[in-house]
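My questions all concern the structure below.
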């Protein structure tokens, strides 16, 4: 259980690295939205392995098919079923994984929980699981853009200790997509790419931070006390593989300020209430305040490395395991569309919840 | 909406700073657990204003009553209704709040969302809202302790830039409760207290970090892919007032390591699978691995300060507002039982979900 | 678990026949609805024991208090907590119930499920549980009336084999309330009352049928495929104590017609689509079609009778049990507001769900 | 929205009569259950059009594929995605349906709700939607049988006014499957078949009643007060297309008895608590009591008939419409596996909920 996300715009994902593919069912999408595979495929391409020299080289076309929920190019209001068929059959090269738990992967915990695990490619713990989220997120982003005037962006700000300078209020999609690491600071991006390439050659991996921003969210979205907007964003982000942290607005650094320093003063601007600073990250008391929603997500370095590591076997003996073949030196470039997708899914769900009670 | 938390051990809180009090309904509690008010009151006392010199001095007894769900001192399996009556009636001294939005509070966003707000004491945005969580959390902690052998603790590790050294594997409840700031590093705690007292005198406030640990959680709790254990913890924490960040295990600092450095090697120990390090924070792939669950939560400095600040009025004019009377220089000591409560609520719900599918 | 009803307009009830009372938390009510106890108390008075000569004579004032969720007489959009304190303390006269299971009550099943039961007054299985529903339903009815122009009515059509003739399209609230059995057919009502009085004298009880109608529901409410409007009504009705059946529109009798006879022909009337007959009961494919929603609910005769009956003890020995003291010869008059309440709760929830996706 | 059913054993169905097929995602299935397509296909064959002379002659193979959730023939505990590809492409013969609403179908209400509808084959309102339920129900039935010792059966008891005599305590699956109408009373079955054939020739249709029974359910399943077992069964049944009523145990006929007559006396039998009669239908106070769970469902006559009927057009003009080509004279034989499926889905979900709280 636990494979459904959202209350009103609700997605259910399925699929392992083996089997007939991966997919998602989107229930609750408003009717009469123009929708075809062409709206979804671009984000899958941004998530796809093999898209550049700095991500895992495995080749999957990840072609999406809409199986239900549309008619004559428009949504019906009924469940939208999206399917991505596997094309890269897993080989027996993975055999060692059948008996050994990969360190800092989920092999052991899945086995401990379910008493069974699909070792080829990691089963449900494979990053392929995120295809369904990204596909559903593409629909959510389209809805936000066309019906609510909301733009959702994400980009890499940190790769290990390399830090970019990004103006979250002005950054554009084309800035982000102009390089393969998806960092809009072009100078720093080049350094990041060099570090990741070095890691790849060293058979090692590196993590970092992705920042997400949602611009145009009106005041009023969010459902205190438990379904605060930032709480649902935090859950959404921590549900992504390899995430270790989330912060909104001033975040952990905000703990170093005093209240006087930290507070966002209100001022009228063009007839609207605004804050002079945005340490709140666009959310106050769990509800959007009209400022850009701004947050950061920490991604650990990818667990698969090409070096021998201590581990144990399924029958509980100490052993070692060394990654072989293809490895992903940095998940960040491919995680950018995942962060966007989860952000959009949270926002559109909250837009609908707000509309239901206060619309 | 959004006032219910949990799937199987499910709580619904209610209440504002005005009105008949605050409370919580706990649905799904297993039957035949010994339960009386004496199991709940101690945590409410730890959350209570006026408990020490470094928290808000307002006096509320916060006495809990069990209205339903028990019989002859044991739970029935039916909803447990807990009620804390208000005893400190709000005065008219708050009048300025009726027309002005307090900076970095939720006055504006509640008004923008609902078109109405209960200004006396902040209504539902008052920290009194957390009474219901702490009360329900006390039941969850008892269940975890008695039926699952799990211990949940939280403590202050940072007040602004003052940092404590705490061994999360060994820290005891009595260490935490031995000082009023709830930091088990006694030397550092004294410094923290001095800083908070200074802030109080300056009419300012200060934030920091609380660490939470759950020891004794067996491998197997957590429901990927969306209801990963760390995702639900992140949501739980970010649903608390004044929180700005969450990290699990290595957290944001983990992004500075490489994969080789970061991975937790598995080793057998006394017939059980263990990890040599715990950068995973006790959770891998969204499922507990048997190691202590370890996370940190960032709390911003309290928004109410005794200084004039720029803000706007309900009828959209620029103005200023200065906090008056009582203020809380640091929320951390009182937030410790809140973090424990939310942790326990997440864990007991996941224990029950695991039992349902895999038990 | 299982004490929450609804998705967006969501109620959670609590309380047993012993303890601090019974109550309900309503989460999701739209803001700025005028609301005071005076809006709720009349329906509780219609549900109350002792209201007439043909219901159980026990005296409870059942006075409701609003503990949260309103400010200056209007709803805030936050949870509304309603509480009815017990005033009629249970006596030891009930002692036999402590060791014997009452036939066709829930004493045995609660004990089998939970391993514990609150025997005085039946605990959570007491009809007092329905107070919370009726109180919440009064709010839902007000919302439907004022914001959606929908009127919900229920009335008794059958007491045992005595059958009333009622025009569901025209029946008025005052017709229903003009006699103590709540049957708008005044001639037949008198017969019903005589039968119930006879049953009371005989220490026996009698059941019957309540019809519910909702007029003014616009086309479009209902969420196929599982949350069809009639499916949620069926669940709502079967969740009431003592119910044994539900039918919508033509119901069981509709199975005796052929398709040609049964189909509701469409015709335009005053610019709107109408059906010439209403065998669909106002719902087609799970969605309201603009005609009156019309359904019937079967209530069994009350289980408590003043005669010796075979049963078993908690320690599994055959025995007999005879009801003593007060008994309720017919639940129907008091069940009318329960049916209205559950109908209103279903409808307002669906109104909000429709608004969220298609609004 | 509304396409998900269940809390812990949770299914989400998708698909229209056009498009890439129909399917279901099952989340929450316990791990390590042996499962292949061969466990599911037989129930789909029982639901399939064209299976006999008395159902709709349309030819679809309805072949199921398991796309995810199993490994080496066993469930993983992850979502099980089932897919049935369409093989019978819809022709333009349906063109009249593009502009006219079929009487007593959902064409009008879908259009009123969503502002768009998929007219070919009825879109989501097609009976093909139930394929997902039947497929998921086959898994639920297997789980109930193998892990809980529960057997679920359904059979036709009424076709129009032809009534069968069936001993619900002893009826066997083979009795039901021994004739094409799925009525275990073989003599009466022959009459039913003749009536249905007559209706088919007349271009008309006929409805009736299906009885469902679950044997072996232990005492304790069911979650009062809202998720009573009979309430969830009622919802499950009324969520099926063409259903108009539900009754449990004595049902509507029980309203004709007095309390003394109706009550089920308890007696010990072989060390277990039993009732001498089963007017409760195996459920008391919303919780199973160990007796067979017994209920009946009313199905209206199928709406499509080969006769001219009054209706309106999408642009709101009066017109007539006559069914053409294939029609289904009686839904009952194909509805039997649907009733079984929904029953099993309710029961396995409640088994898991009970295990979570009281296990």
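Chains here go by letter, A, B, C and D, matching the order in which they are written, and residues are numbered from 1 within each.
Here, a residue touches a chain if its C-beta (ideal position, glycine included) is under 8 Å from a C-beta of that chain, and two chains touch if they have at least 3 such contacts.
None of these values were measured; they are calculated from a predicted model.
Engineer: Can you tell me which chain lies farthest from chain A, using the average of the Cα atoms as each chain's centre?
Structural biologist: Most remote chain from chain A, centroid-wise, comes out as C.
Engineer: Which integer distance in Å separates the CA centroid of chain A from that of chain D?
Structural biologist: So the centre of chain A lies 39 Å away from the centre of chain D.
Engineer: Could you state the distance in Å from the CA-based centre of chain B to that of chain D?
Structural biologist: Distance between chain centres, rounded to whole Å: 46 Å.
Engineer: Just give me the whole-number Å value for how far the CA centre of chain A lies from that of chain B.
Structural biologist: Chain A and chain B have C-alpha centres separated by 26 Å.
Engineer: For chain C, what residues touch not just one other chain but two or more?
Structural biologist: Expected reply: 1-4, 8, 13, 28, 31, 77, 113-115, 124, 353, 356-358.
Engineer: So what shape is it, when you link every pair of chains that touch: line, ring, star, complete or other?
Structural biologist: The chain contacts form a complete graph, every chain touching every other.
Engineer: Spell out the residues on chain C that touch chain D in their complex, using ranges where they run on.
Structural biologist: Within the complex, chain C touches chain D at residues 1-5, 13, 101, 103-106, 108-110, 112-115, 124-125, 129, 158, 160-161, 199, 204-209, 219-228, 230-239, 241, 243-252, 254-268, 271, 273, 275-276, 279-281, 283-290, 298-305, 307, 309-312, 316-318, 353-354, 356-358.
Engineer: Quick check on the complex: what are the chain C residues that touch chain A?
Structural biologist: Result: residues 7-8, 28-31, 77, 352-353, 355-359 of chain C touch chain A.
Engineer: Looking at the complex, which residues from chain A come into contact with chain D?
Structural biologist: Residue positions touching the partner: 1-4, 8, 10, 12-16, 18-23, 25, 27-28, 31-32, 65-71, 74-81, 83, 113-118, 123-124.
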